[in-house]
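Each of the next two complexes has chain A plus one more chain, namely chain B in the first and chain C in the second.
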Partner chain A sequence: MIDPYYLQQLAIGLSLGMTYALMAIGFTLIFGVLNVVNFAHGEIYTLGAFAGLVLISAAAPPAAAVIFAALAIGALAGFSLERLAFKPFRRFTDEASLKSRAMRESTLLSSLAVSIVVREGLEIGFGSQMQSIPFAYLINTPVRVGPVILVTGDFIIFGVAAAMLVGLQYLLTRTRTGLAIRAVSNNPLGAKYVGIDTDRTIIVTFVVGSMMGAAAGILTGLYYGAVFPAMGFIPGIKAFVAMVMGGLSSIPGAVICALILGIAESMATTFVSSGWSDMVAYGFLIVTLIFFPNGLFGARRERV
Partner chain B sequence: MNGSELLPLRGGWSRPVPLLAALVVFAVLPLVLAGFDRGYLYQIANLSLIFVLLSASMHLVTGVAGLLHLGHAAFYGVGAYTAALLSSKLGLGFTATLPLSGLTAALVAFLVALPTMRLVSIYFAVATLAIGQMLYLVMLNWVELTKGPNGIIVTKGLELFGFGLSGRLATYYTVAVVVALCVVAIGRLSHSYYGNTLRSIREDDQCADAMGVRTVRLKMEAFTLSAFFAGVAGSLWAHMTGYISPGDFKFSESILILAMVVVGGLGSLPGAVIGALLLILLPEGLRGLGDFRNIMVGLVMFLSILLLPKGLFGEVSALDFARRHWGAAWRRTRGGEGIGWQ
Partner chain C sequence: MNLRLSGLLAAAATIGLSAAAFADTVKLGYQLPLTGETAQYGQDFRKAAEIALTEFNGSGKPFTVEIIFEDSRSDAKEGTTIARKFVDNKEIVGVLGDFTSGVSMAAAQVYKDAGLPQLSQTASHPDYTKISKYQFRNIATQAQEGPYNAKWMLAKGYKTIAVIAEQTDWGQSVVSGFSEGVKAGGGTVVFSEFFNRGLKDYRSLISKLERAKPDAIYTGFFYEDGAQFLKQVQQLGIKTPVYSTSAAYSPKLLELAGDAAEGVHLTSNFLPTDPSADVQHFVTEWKAKSDGAVPGQFPAQAYDAVRIMLAAVEKAYPNPTREKVRDALAETKDFPGVTGKTSFGPDREAQKELVKVEVKGGAFVPVAD
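Right, the complex of A and B next:
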């Protein structure tokens, strides 16, 4: 019989992994289409959380309204992020004229710059301290399942992640928009030649991915009860690690790897110390990049 | 025409810009600072010189070799911690810790580069980010060695062969001399044949590989060299301020150094120097803005990528500059034919 203590740690790890998975879904979607890392995804997560916080402290609305506010802010942020940081640097048609390799990472740098501006702007507006969410909105009522204690937030986050995953798979495989997204992700120039509006498709991807990121932010905020401007950095890195481990463009792979990551971290916290637990994710990232360049759930895509 | 006309002896006067810069750094600025007589201004001057060195060392790896490096501040931190630990535990002086911290940072960079250097573009960038964060976690959590978040007090100030140099002016001069020597070394390195080989890797590493350039090895060398200079900068910082903590070597510092190189223009050393001065002095000059310091860094970086994709000094103008002022790869040989690009 397994010691309930370890079962409890496993449950904590799973719920941690679930919060990473929420983030990783949107991240992987955006990476899959444009093949560029969106460093500002962590800030969209923060913006979603702050949108929820502002609405809660201003009007004390029902929880569903908070989620919708976060989704709306996420959609807006995704749209403006794409216009600001990605569109000016996108040159599908003149790839050959982009001579210098050093300039090819300009979207990475621009999204990084946007993320700095957003984070520092939030710090000026709200201060860098943690803001606590009012008690009534927290989703951490304990629920006893056999020998382990979970909280309601675990179920909500699990449900949202599952819904997102199913919804996204439906969108990608059963709708015309999804077909367009997959076409652009496979070959942007070819998609353009067969008459797909690549510009619109990319915007749709950013809006959908950023809505998911913002939802992840507000749910995590309600789950842990704290919101602060720098909260997006660590989950952003974890989501990236999950994405790389999962094989870059495979969304189910990213979710599974996010869960693995969460469990590994919670075990590291248990057996080593909490200070070193972030090391697990960075270690996973390096090991994956070196030994499993196609990810654990091998993607079809060739590595660039 | 004899050979001496083909090979003109270039005195210092034919290179006005570096000479002028040296004059300002070594003669005018200390006089001005002494005139104001405020320690704070010396601190700013030293800080900007140290960031000039960091930016120049990043220029070598990101600008010249084209490797997007997101963990540079960690190697700076390795240098600073080496200097602090060697001086506080073993009692070594500045003359010993300066090269040793450079070498330690280079060794760490070499070990890190062994597995990661085959990664390309974004994967390399994220791997360096992860390594930078790992080193930061080590500084933060290896409490027995690094005292964790409390940081280390460095008791030894700057000294040279037993002469104390902890006065304001002496400290400034020491930092300026070390930084100037390192920047000149980086300049010679990046505008030599070696630097041009690294540029070929940046432009197209597969092509360079096919032409027989040993790309992986050269990338590793550039990475290690750049970490060496970052370690030297760390040692200067540790001895200058007398107190270091992991907070000085976070991801945001890496991004600040990256922004300097990007703003100045990737691949240009003068650009890296100007970018460093701009991003340190501009927020200091606009002290009234206070909290807006970091947001400025982000805005300046974004606007420079958007509006000046080549930076303040693009590679081409920087090459002209280098041709005029260093001329290492372009100077005519005795036979009369030029080497490098004409």
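Right, the complex of A and C next:
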């Protein structure tokens, strides 16, 4: 018979992993699949959470409306982010520019700049204090499953993450848009030559990925009951590690690795001090980079 | 500007003029986190300092005081850089801050060498005032608060106690101060562990802690972490009583944790409900500047710190030097502040009276035992 303590820790780890996965899905779509470095995903996540909070405090709408508001802000933020931080660097389409590393690194910096501006802007607008979400909206009513206690939010987050994953796999593998995304990710110049509207494809990817990021933000906000400007940083790091472990371009890989990460963290708490549990994520990152340079799920050459 | 001013000062010194001869404005420095993860505290300190300063400058003194605020982002490196900047500015005769013990102590090394008095409103690590004769604080340390709370809990009949605290200099002093108190009182600390500040999910830690089956839990955290911890304790259906330090004393704790905060016991040295005129004046001023929000203990600490420093400057006037301000600070006796009377002992520690508080019906209520 398994000690119920370990079952509880496993459940906590899975639920923790699901919140990382929620963030990692949109992140991997933009970062991994599209092959552009987007450091502003954490802020999109925060924006989604704030959009929900503002709507809740202004109109007290039903929960579904809050999610839709976050999705709309996410789409808008993704579109603007692409316009501001990425499009200007795609002006030059000659081969030398496309292959130059400076071009790729400049978007790394421009997205980082956008993320800092957004975060500081939120701090000026809302203050850096944690904002509380009214208790009626929180998704943390305890639910007892056998010897284990979970909360309603665990099931909601699981459902949303699963829906995102399935929907995205369908989009990427069964639709023309998905085909175009994969083509652009494989060879942007080639995609352009065969008549794919690369600009549109990239914008669509940003919009879809950012909608998922924003949804992750508001869901985690409702789950933990607190929203603040710096909230995107830690989940961003965890999602990044999950993505690298998953092989950069595999969304299911990132989700599985996010779950592994969550479980490892909660289990590690049993054996080492909780203060060290963040080391688990970084430890995994280092081990992956040394022993699995392609990630655990990224051995195949083909992306997606 | 600064260069030119210090040049002027040097010139003035060589021809035998004192700085005060042409300065009717005395300058103080205040290093505090205005951005970054602990910005909410720094912003409150500045607000409180501005209230104190406006009052002082409006009270018809023969001189005015200016406070230069610098943002340390709660980063020890930033803190020491600011300290050097303040030290180099010869017009600055005293410094307030920083927020955390870690940053305050890093900056203290610079103030120690330069002989610039430093008064922190919140640094409560026992070693802070041991750095040199220039370090002061007007807050109870964990070396005072820990044993006080240990005695309180033991008197309530809790024999086995679990302790958790954030992984910082301050958190370490919470655990050591309290654990010594428990041992001295005949109790046992059955579990003690540190967590990273800003951790969102405490459930693993709470499950692990409950495995040790403590009679009660003692916690060293600030309100953000405290609210998450309390909510998750409630989520997991755990009924073990939770005690905490004055660091968790903030109206925000109640707002964020809701009914999960019910029954939490903690100590404080500021109660906004205190009917005394001084406290009510501060609460009114604070509300006017904060959309009606009630101040917690930290802004009150800053308000008192600034006023203690201003009183010292006034005492050192008409010729305030860093050394004179230090000596005036050291002589502070029974300063009537909103956090009670403050006197500095020979070790430059504030002797503060603590109030026992319990959360009841969504409010902090003073309790006798």
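Quick note on the criterion: the second predicted complex is superposed on the first by the 286 of 304 C-alpha atoms of A that agree within 3 Å, B and C clash if a C-alpha of one lies under 4 Å from a C-alpha of the other, contacts with A are read in each partner's own complex, and residues count from 1 in each chain.
Please note the rule applied: a residue touches a chain if its C-beta (ideal position, glycine included) is under 8 Å from a C-beta of that chain, and two chains touch if they have at least 3 such contacts.
Small disclaimer: the values here were computed from a predicted structure and weren't measured.
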After the overlay on chain A, what do you see for chain B versus chain C, clash or fit? clash
Considering only the touch criterion stated at the top, classify A:V151 as touching first (chain B), second (chain C), both, or neither. second
Touch test for A:M130: chain B only (first), chain C only (second), both, or neither? second
Go through the superposed model and pick first if A:G275 touches only chain B, second if only chain C, both, or neither. both
Partner touching more residues of chain A, chain B vs chain C, is chain B
Touching A:L289, do we find chain B (first), chain C (second), both, or neither? first
Just chain B (first), just chain C (second), both, or neither: which does A:E82 touch? neither
For A:E43, using the defined touch cut-off, is the partner it touches chain B, chain C, both, or neither? Pick first, second, both or neither. neither
Once chain A of both complexes is superposed, is A:E265 in touch with chain B (first), chain C (second), both, or neither? second
Please pick the stretch of chain B from 187-195, 241-249 or 331-339 that overlaps chain C when the two structures are superposed. 241-249
After overlaying the two complexes on chain A, where does the chain B footprint on chain A coincide with the chain C footprint? 120, 123, 273, 275, 278
Touching residues on chain A, where the partner in the complex is chain C: 5, 8-9, 12-13, 16, 120, 123, 127-130, 132, 135, 140, 142, 149, 151, 224-226, 228, 230, 234, 265-266, 269-270, 273-275, 277-278
Chain A-facing residues of chain B, complex: 62-63, 66, 68, 115-116, 119-123, 125-127, 129-131, 133-134, 137, 140-141, 202-205, 251-252, 255, 258-259, 262, 266-267, 291-292, 294-295, 297-299, 301-302, 305-306, 309, 315
Counting only contacts in the complex, chain A reaches chain B at residues 36-37, 85, 88-89, 99-106, 108-110, 112-117, 120-121, 123-124, 233, 237, 240, 244, 273, 275-276, 278-279, 282-283, 285-286, 289-290, 303-304
Which positions of chain C touch chain A when the two form their complex? 35-37, 39-40, 43, 164, 167, 193-196, 198-201, 203-205, 207-208, 211, 224, 227-228, 231, 235-237, 252, 255-256, 258
